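Here come two complexes built around subunit A, the first alongside subunit B, the second alongside subunit C.
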Partner chain A sequence: MKYGVILFNTTTSVMQAEKILLKADFVIKLIPTPREFSADCGISIRFDLDRNAQIKALLEKEKANYEAIHPLVVNGV
Partner chain B sequence: METIDARDLACPEPVIRTKKALENSKDGKLTVIVNSTEANENVQRFAKNQGCSVKAAEKNGVFTLEINKTGQAPEICQAKAVVMLIASDQLGVGDEALGQLLIAAFINTLPEAKTRPMKMLFINRGVLLTTEGSRVLDSLQKLESNGVQIFSCGTCLNHYQLKEKLKVGKVTNMYDTVDSLLNADNVIRI
Partner chain C sequence: MIIVVLVIDIIFFNRLIKTKSNGVKMIYLDNAATSWPKLPEVLKAITEVMEQAGGNPGRSGHRFSVAAARVVYECREKVTEFFNISDPKRVIFTANATQAINLVLRGILKPGDHVVTSSMEHNAVMRPLRFLEKQGIVIKIAQCAADGTLDVSEIAKLIDNKTRLVVISLASNVTGTILPVAEVTPVAHQFGALVLADAAQAAGAIPIDLRQNGVDFLAFTGHKELLGPTGIGGLIISQNVDARTITPLMFGGTGSRSDSEEQPEDMPDKFESGTANMIGIAGLRAALGWINQRGLAAIGEHNKELTMMLLEGLANINGVKIYGTPNAGNSLAIVSFTIKGKKVSEVGFRLDDEFEIMARVGLHCAPAAHRTIGSFPEGTVRFSPGIFTTTENVKQTLKAVQKVTRS
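For the complex of A and B:
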């Protein structure tokens, strides 16, 4: 399963994005920000990578605050 | 090789005796006899969680479990019982939403950790994490399928009117909670 991760600057923006994504029935998980990324907020949202485009579109539409979206590389994959 | 007759002993006694026997075992081999499905499942799950192989035979409701700590024949087995007590739906005291975020991230990280707790006990607001509407149900279910025993306090479930909404693990009571905490090697209080 390939995942992507949304990075944030504040915990408030995490909560806001989580609400938006859950309302739209996306399958997401709150995780500690993976060590390979640096972000101001230590909590990130993990999602299924094949939903990347839809999630990005929804967050832009709702004007959600987030810092970046990256694919999550596990063991070099 | 030692034989433990744990028939008719109430939970968690069979697992406790298995654990002590494994710790003191010189050859890492042990036979445990139980006569309830629950004890059979609990002992097997505990043994597998400690890296042991289990050969089970059942006759007339009596289960004979041959437990072998594989790959460590003459050494003394280290079986550490780590119990996690989760007494809130928040991690830390402060802003409620932050606390809920933190505990979600914490629980979501547990399935990937190298070691696992033997038991997770949820009390008071902790039961909001094991019931319908919890953000962390699939992580808890994954932990459970990997051998972690998950218990939610019955009194608390009733108080928060969540008895019918338990989604992972079993219901426990204060006697078992006290037993689990007193017999643990290590208690992590969240």
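For the complex of A and C:
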């Protein structure tokens, strides 16, 4: 599966973004931040990579604070 | 769901009944110290968070940690709405208003800075200021009138280009007098000074709108008029303040930027080191929900009615002297008084011992305020009814005071 992972600096920002994305009916999952990316915040938001553009646009529009979005490939799940 | 709520209500009600002894129902008039009883909704929220969101918020990625983080965020949002600000990241949870006030005073003041405050302040403001005074901070105190009110010109004349901060209580914990913070703020801003408002007593009792009063910092506590548990409070830092210029009171783990040994600058983490008070935050969230549902206008009306009754009733008792504004319109539900020829400690003890009425006597951690109203060093007897106080409670209290004055 190809996912996107949104990284944040604070848990508060994760919660804010989660709320925004759920309100817009995106299918997301809160996951422990994959170690290969960053140690900034323990929680990240994972989503299907094909929604990357829409999610990015919404987060920008709502002025949600996030650090970066990275693709994440999970094999055999 | 309804059954659960009903059962909790019944348990709660039984607990109140059990407070009866000698056929007299006790009367709690010390809500300005801490509100009682706590709402069933608050007790339920505390139990629920321990059972169903038992993780450390933001420290792990598992479901309990995430559930706890959601509770914290929802409370942050509720506080944001309650004080009419836009950014939940500007809400810093602290243990109480005292910690929030200390965070600002010790976080921004440097030797040589001038601070202007009022003569009605609580020791939560006065003690850190006196400590900082020894390190070279200059304190200027605006004199309030003997009824506790503050003429804006008294404070305005002390504010100048050297003023770094104006610290002012939104309402006095001794007399309940509301101070004109919204009128002081533009004067402070005109000279480039910041304003810290102490809302310990006022939050939950009167509407506080940061866009309207323009304060830069608001310190509040969750357990008084906000009806939450003890041990939770907060500081709001307005968008006008550059948070990078504030030194945190505490440094430590935040669950964020864990690769660094330096304190992060991100809000609110910069000022929230250490594990959050989940019990307090869950309780406060529930309490704010209840207050929003009831409405501050209805709460204000209830308080006003009881305060009027107390003021009028006490004024008609021979030997009683009332302090502060004899006007429930410009005051919180706080009434301070003394009885001629009786020590306040004796009055407090007799009210509790003979009538099961709980009041707070003495100086209420506010020697400056008592000096202002002329009751230092003896202090006063303070009645502070709350949302659960009834007119019947007030009638019984007035009868009790009458009996105490006579013997």
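Here is the rule we go by: the second predicted complex is superposed on the first by the 73 of 77 C-alpha atoms of A that agree within 3 Å, B and C clash if a C-alpha of one lies under 4 Å from a C-alpha of the other, contacts with A are read in each partner's own complex, and residues count from 1 in each chain.
Methods note: contacts are C-beta pairs under 8 Å (C-beta built on N, C-alpha and C of every residue); 3 or more make two chains touch, one makes a residue touch a chain.
The structure displayed is predicted, hence computed values, not measured ones.
S.K.: Comparing subunit B against subunit C, which has contacts with more of the residues in subunit A?
M.R.: Touching more residues of subunit A than the other partner does is C.
S.K.: Check whether A:Gln54 is in contact with subunit B, with subunit C, with both or with neither, and answer first, second, both or neither.
M.R.: Touch status of A:Gln54: no partner.
S.K.: For A:Val14, select first, second, both or neither according to whether it touches subunit B, subunit C, the two together, or no partner.
M.R.: both
S.K.: Taking the superposition on A as described, I'd like to know which of subunit B and subunit C A:Ile43 touches: first, second, both or neither.
M.R.: Both: A:Ile43 reaches subunit B and subunit C.
S.K.: May I ask you to decide whether A:Pro32 touches subunit B, subunit C, both, or neither, giving the answer as first, second, both or neither?
M.R.: After superposition on chain A, A:Pro32 lies in contact with both partners, subunit B and subunit C.
S.K.: Where on subunit A do the contacts with subunit B and the contacts with subunit C coincide?
M.R.: Overlap of subunit B and subunit C footprints on subunit A: residues 11, 14-15, 30-32, 42-43.
S.K.: Within the complex, which stretch of subunit C touches subunit A?
M.R.: Of all residues in subunit C, those touching subunit A are 57-62, 65-66, 69-70, 72-73, 76, 88-89, 254-259, 264, 266-269.
S.K.: What part of subunit B is in contact with subunit A in the complex they form?
M.R.: By the definition above, subunit B touches subunit A via 97-98, 101-102, 104-105, 108-109, 135, 138-139.
S.K.: Which bits of subunit A are touching subunit B when the two form their complex?
M.R.: 11, 14-15, 29-32, 42-43
S.K.: Which subunit A residues qualify as touching subunit C in the complex?
M.R.: Going by the criterion above, the answer is residues 8-16, 18-19, 30-33, 39-44, 65.
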